[in-house]
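Same chain, two partners: chain A is paired with chain B first, then with chain C.
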Partner chain A sequence: MNAPARLAVVGFALALAGALATAVLDLPAAAVDLPAAVAENLSTSGVEHPVTAVLLNFRGYDTLLEIAVLLLALLGMLAVAKPEAVAPEPSAADPMLRFLASVAVPLMILAAGYLLWAGAHRPGGAFQAGAVLAAAAVLLHLAGRLPAWASPSRMLRLGLVGGFLIFLAVAAALLAQGALLRYPPAHAGALILLIEAGLTLSLGLILAGLFLVLARRPASPRAGVGEEGKS
Partner chain B sequence: MSLAFDALLALALLWSAWRSLATPDLTRAVVMFIVFGLLMALAWARLDAPDIALAEAAIGAGLTGALLLDALGAFGERRGGDRP
Partner chain C sequence: MTPGLLYALTGIALFALGLAGVILLRQTLRRILAFNLMGSGAFLVLVGLAQRGGVVDPVPQAMVLTGIVVAVASTALALALARRLAEDGHEDG
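For the complex of A and B:
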């Protein structure tokens, strides 16, 4: 790119940044005090942590659609992935990485369980726990302990959609209440824990799937991946 | 003290974002992106948003970084085995 064009791009970017900053600073104060509204209704939400209350109770349908979008993304990848291009058998990684995986993965599963449980009363929750599970699966794959998913088995498919199906089933069962995902306060805590447990497992599988479905790789030049995994 | 830390964090964020975009070396760009994600998680924690900090560290830095590294590996193979 020549100098005048580069200057123009930089100038445009600076102008855009300035306009955005001005717009943000000019925003009027919110008309509805949402934090106060959340704090007021927190006792009926079934959980004690306001973020989880918003994500799983007050705005539960947002989370329902989020998991649907993630599932769709993975379905799209499964549709375009060529099964024959995947090397199904895991290949040997170096011993350090394998040792690290065998030490870290049980701890990561434990941490995921803790995050899921902690989501009810402190920062944590299904998305974070699912991400930790997915990272454990990716680590296992890089260490050569977990094969790439050439074509997902029936159990795996069930696991992938399970969280979404549980969420949908709860939403459908509660439709008689007249509003989408309005839990009865007495059972809200248990229902949220059920949904979050399903979401954790499915999210872990889906996020790991984003990595493992396209992990097509012949067995021999895989050494480079092991090196990069450590960096 | 905390102001100095915040200023340092903001500068490091801008620097890592710039390095990640401007460097011609793809491997370095990916590593700088992961560094940026971790710093971003710190920034969220400093802003009293530990939920977002957790999600950023796990998804933004961890999973996305792993995906990008995997993509780099795939590129390297397609070019005949040498690393980019």
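For the complex of A and C:
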């Protein structure tokens, strides 16, 4: 791209930023008082934290579709990965890193369990817990304790889709109530905890998979020939 | 100016920066990063605008939480596609 064109792009971006900033500064206050509406209905949502209530009760269908999008992304990644790419053998990592992983990972799993439980009444929940689980898996991979994914085994596939299936089953069972994902207030807390527990496990596996599928190395033709020669 | 408004304006700056990056940069990896910057800017605008009155609104926070996870997924898919392109020899300059 030549210099005038680059300048034009920079000018366009600056003009857009200026226009957006003007619009934001001129924006009138919101016509609908959403925080008040959430606070009003919080007592029937089954949880005490407003963000969790919005995520899993008031706008539960967003979360249902979100986990479907995550699954689709992982399926897409598995589809475009080269079939002959092999999971590399866990490399001998730094002993410090190996020690850190063995100390930190049990604590991270504990923290994920706490975050899942805490989500009902303070910041936390399935997404944060799933992210911590995925980070533990990535740490294990970097420490050479966990190989990259070649293709998910049957158990792993079940774990990947389990959260989505539980969510879908709850949604289908509640469809008789007349609206998608309207929980009966008496059972809302237990249902949300069930969905969140499934989501935590599946999200952790899917997020870890997004990293571990990319961590595969393409089988270099020379190494493949050498291994065949040996065997 | 409330802190919420400051966050929204920062988000706009990030969005414009990311947009310029998506158009100007040639390498796929940098474009993906710039695209992520646009997304982060949009999230910051959403959260910042919602609390410019000083009251925290849980609805945009939940939206952004959903958005972050979807952004992670789309980034990973984009990286997988970029990697496959590179492996098949369509390396762009």
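Assume the second predicted complex is superposed on the first by the 205 of 231 C-alpha atoms of A that agree within 3 Å, B and C clash if a C-alpha of one lies under 4 Å from a C-alpha of the other, contacts with A are read in each partner's own complex, and residues count from 1 in each chain.
FYI, a contact is a pair of C-beta atoms (placed from the backbone, for glycine too) under 8 Å apart; a residue touches a chain by one contact, two chains touch by 3 or more.
These numbers come from a predicted model, not from an experiment.
More chain A residues lie in contact with C than with the other chain of the pair chain B and chain C. Judged by the touch definition given at the top, the superposed model places A:Val170 against neither chain B nor chain C. After overlaying the two complexes on the shared chain, residue contacts for A:Leu115 are found with chain B alone; chain C is out of touch. In the superposition on chain A, A:Ala17 makes contact with chain C only, not with chain B. Legend: residue contacts after superposition of the two complexes on their common chain; A:Val138 is shown touching chain B, with no touch to chain C. Contact with neither chain B nor chain C is seen for A:Leu64 once the two complexes are overlaid on the shared chain. Contacts of A:Val51 after superposition on the shared chain: both chain B and chain C are touched. By the document's definition of touching, of the two partners only chain C reaches A:Ala81; chain B does not. By the touch criterion stated above, A:Gly124 is placed in contact with chain B alone, chain C being left untouched. Residues common to the contacts of chain A with chain B and with chain C across the two structures: 51, 127, 207, 210-211, 214, 218.
Note for the complex: chain A touches chain C at residues 1, 6, 9-10, 12-14, 16-17, 20-21, 24-25, 27, 29-30, 34-35, 38, 50-51, 53-55, 58-59, 62-63, 66, 69-70, 72-74, 76-77, 80-82, 127, 203, 206-207, 210-211, 213-214, 218. Within the complex, the chain A residues that touch chain B are 51, 115, 123-125, 127-128, 131-132, 134-135, 138, 142, 207, 210-211, 214-218, 221, 224-225, 228-229, 231.
By the touch criterion given at the top, residues 5, 8-9, 12-13, 15-17, 19-20, 23-24, 45, 49-50, 53, 55-59, 61-63, 65-66, 69-70, 72-74, 76-77, 79-81, 83-84, 87 of chain C touch chain A in their complex. On the chain B side of its complex with chain A, the touching residues are 27, 31, 50-51, 53-55, 58-59, 62-63, 66-67, 69-70, 72-74, 76-77, 81, 83.
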